[in-house]
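Take this structure, written in structure tokens, and hold onto it; I'll ask about it next.
The first chain written gets the first letter, and so on, giving A, B, C and D; residue counts start at 1 in each chain.
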Amino acid sequence: MAVDRERLLQLLERPRYHQFLGLKLEKAEEGLVQIRLPFREDFLADEADSYVHGGVIAALIDVAGDFALITTHGRGLPTVDLRVDYLRPARKEDLVATATVVKNGRTLGIADIRVENPDGKTVAIGRGLYSTATG
Amino acid sequence: MAVDRERLLQLLERPRYHQFLGLKLEKAEEGLVQIRLPFREDFLADEADSYVHGGVIAALIDVAGDFALITTHGRGLPTVDLRVDYLRPARKEDLVATATVVKNGRTLGIADIRVENPDGKTVAIGRGLYSTATG
Amino acid sequence: MAVDRERLLQLLERPRYHQFLGLKLEKAEEGLVQIRLPFREDFLADEADSYVHGGVIAALIDVAGDFALITTHGRGLPTVDLRVDYLRPARKEDLVATATVVKNGRTLGIADIRVENPDGKTVAIGRGLYSTATG
Amino acid sequence: MAVDRERLLQLLERPRYHQFLGLKLEKAEEGLVQIRLPFREDFLADEADSYVHGGVIAALIDVAGDFALITTHGRGLPTVDLRVDYLRPARKEDLVATATVVKNGRTLGIADIRVENPDGKTVAIGRGLYSTATG
């Protein structure tokens, strides 16, 4: 990786909203990361408190895609656009996002992201476009 | 509207994650809502604490699109997919999402969402597909 | 407009695939175009020859979004990504796409596109991201 | 597969627009297809006749995703929405789309599609949502 693990952890753990999410780095190598979202009651979406909010999952996807590219760029990259497909509800359980770099261009990068529940079922998939341009 | 304002407020204010976001209903009529996201330090995205996290904006977009359809359906609708385009950073400021229904079918509905900052500049736009099927 | 109508027509009518589509410029002003797709049997999608192929509609959307930005840039811009939502089938009828510029940045532009049938019903909507960078 | 190869070929080769595209079925198994788009001058996008039109690639992606689901459904499925990311220009060369089923639900299915050039480079990736509901 073009960035050491300590710097990745700093980028992941320092931002205020990441602290709310409680994100944990499970794995990081060139072009690939796994990030865990430990379950919190504050993530619940509905009156019956039965499933995790789609906005929380979108955030996990956005962050994971960004970090897949950060492994080669060593700094946070602005999200240009983001697409999320929700496949099944996430219950009161941890979620793990796996993100891989699909394109790493001079001005734009693309990452694909899959979010799984503890049973290994896919909860959501996402695709993010990030600005890799400097300055 | 097919749903009274009291019920809308209940659906908006009761979920745990909506409470974290602190969402306020600014306007609601048939097929159109405006929802305010009052600024909170917990939304910040970066080490320098300078802008709001894209995942928070995605959540605002998801909720606003859902509520545009809720004005005719009277109940929360599952998000099928969501697309967000980020146009400019959101600073330490309130954001307002305006969502309008584009399609309201028997099984699927589409809403378009625009998020603006206090200067009236567009921060992000989104398009959400929601399941309107019953049962 | 930063480009004259003659140049727009040249850009629209010269490419081989545009010739197959038979695209007609209905309207062009700064940041807005209307392009007509006259019906052709070759566009049909199904065994029963009853509706226009989604790929033809995606092409119309792509071209219209590009031309909305061409009104200010005066040259064809590469499409970065494209999203199309299909609302209802298009029958054996002309379609008209109206495209408007949503963002016109230094490196990226966004256009929103709506495709209507002769009854004024929306057949599809699209959103395209285009590279506006020079060189 | 829930459908025999002969029926797949019929569904692929009969529609008028598929005939224009000249699509060839390279491979078909449960949940996976490969479809070839043999190069034609009519696909060219630009004044210099140098690359294939993004709308043609979008059509190839749409068809391939549909056919991945057709391997289990045995009939054409309406496209609900489609997203295409363009990675590099396609030159005067054949393109091959590989599509795999990501979700196959009672009302909706998702397919992921990758389009490669003869060098094995990815030209575009797509994700399509299709209606699997009957009646």
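Basically, a contact is a pair of C-beta atoms (placed from the backbone, for glycine too) under 8 Å apart; a residue touches a chain by one contact, two chains touch by 3 or more.
The model shown is predicted, which means the values in this text are computed figures rather than measured ones.
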Shared interface partners, meaning chains that touch chain C and chain D: A, B
Mean-CA-position distance for chain C and chain A (Å): 34
Approximate Å spacing (C-alpha centroids) for the pair chain A, chain D: 29
Distance from the mean Cα position of chain B to that of chain A, given in whole angstrom: 21
Multi-partner residues of chain C (at least 2 other chains): 80-81, 83, 85, 129
Topology of the chain contact graph, where touching chains are joined (line, ring, star, complete, other): complete
Residues of chain C defined as touching chain B within the complex: 83, 85, 87, 102-103, 110, 122, 125, 127, 129
Chain D-touching residues of chain B, taken from the complex the two chains share: 80-81, 83, 107-108, 129, 131, 133
Sites on chain B touched by chain A in the complex: 10-11, 14-21, 41-47, 49, 53-56, 58-60, 62-63, 76, 78-86, 89
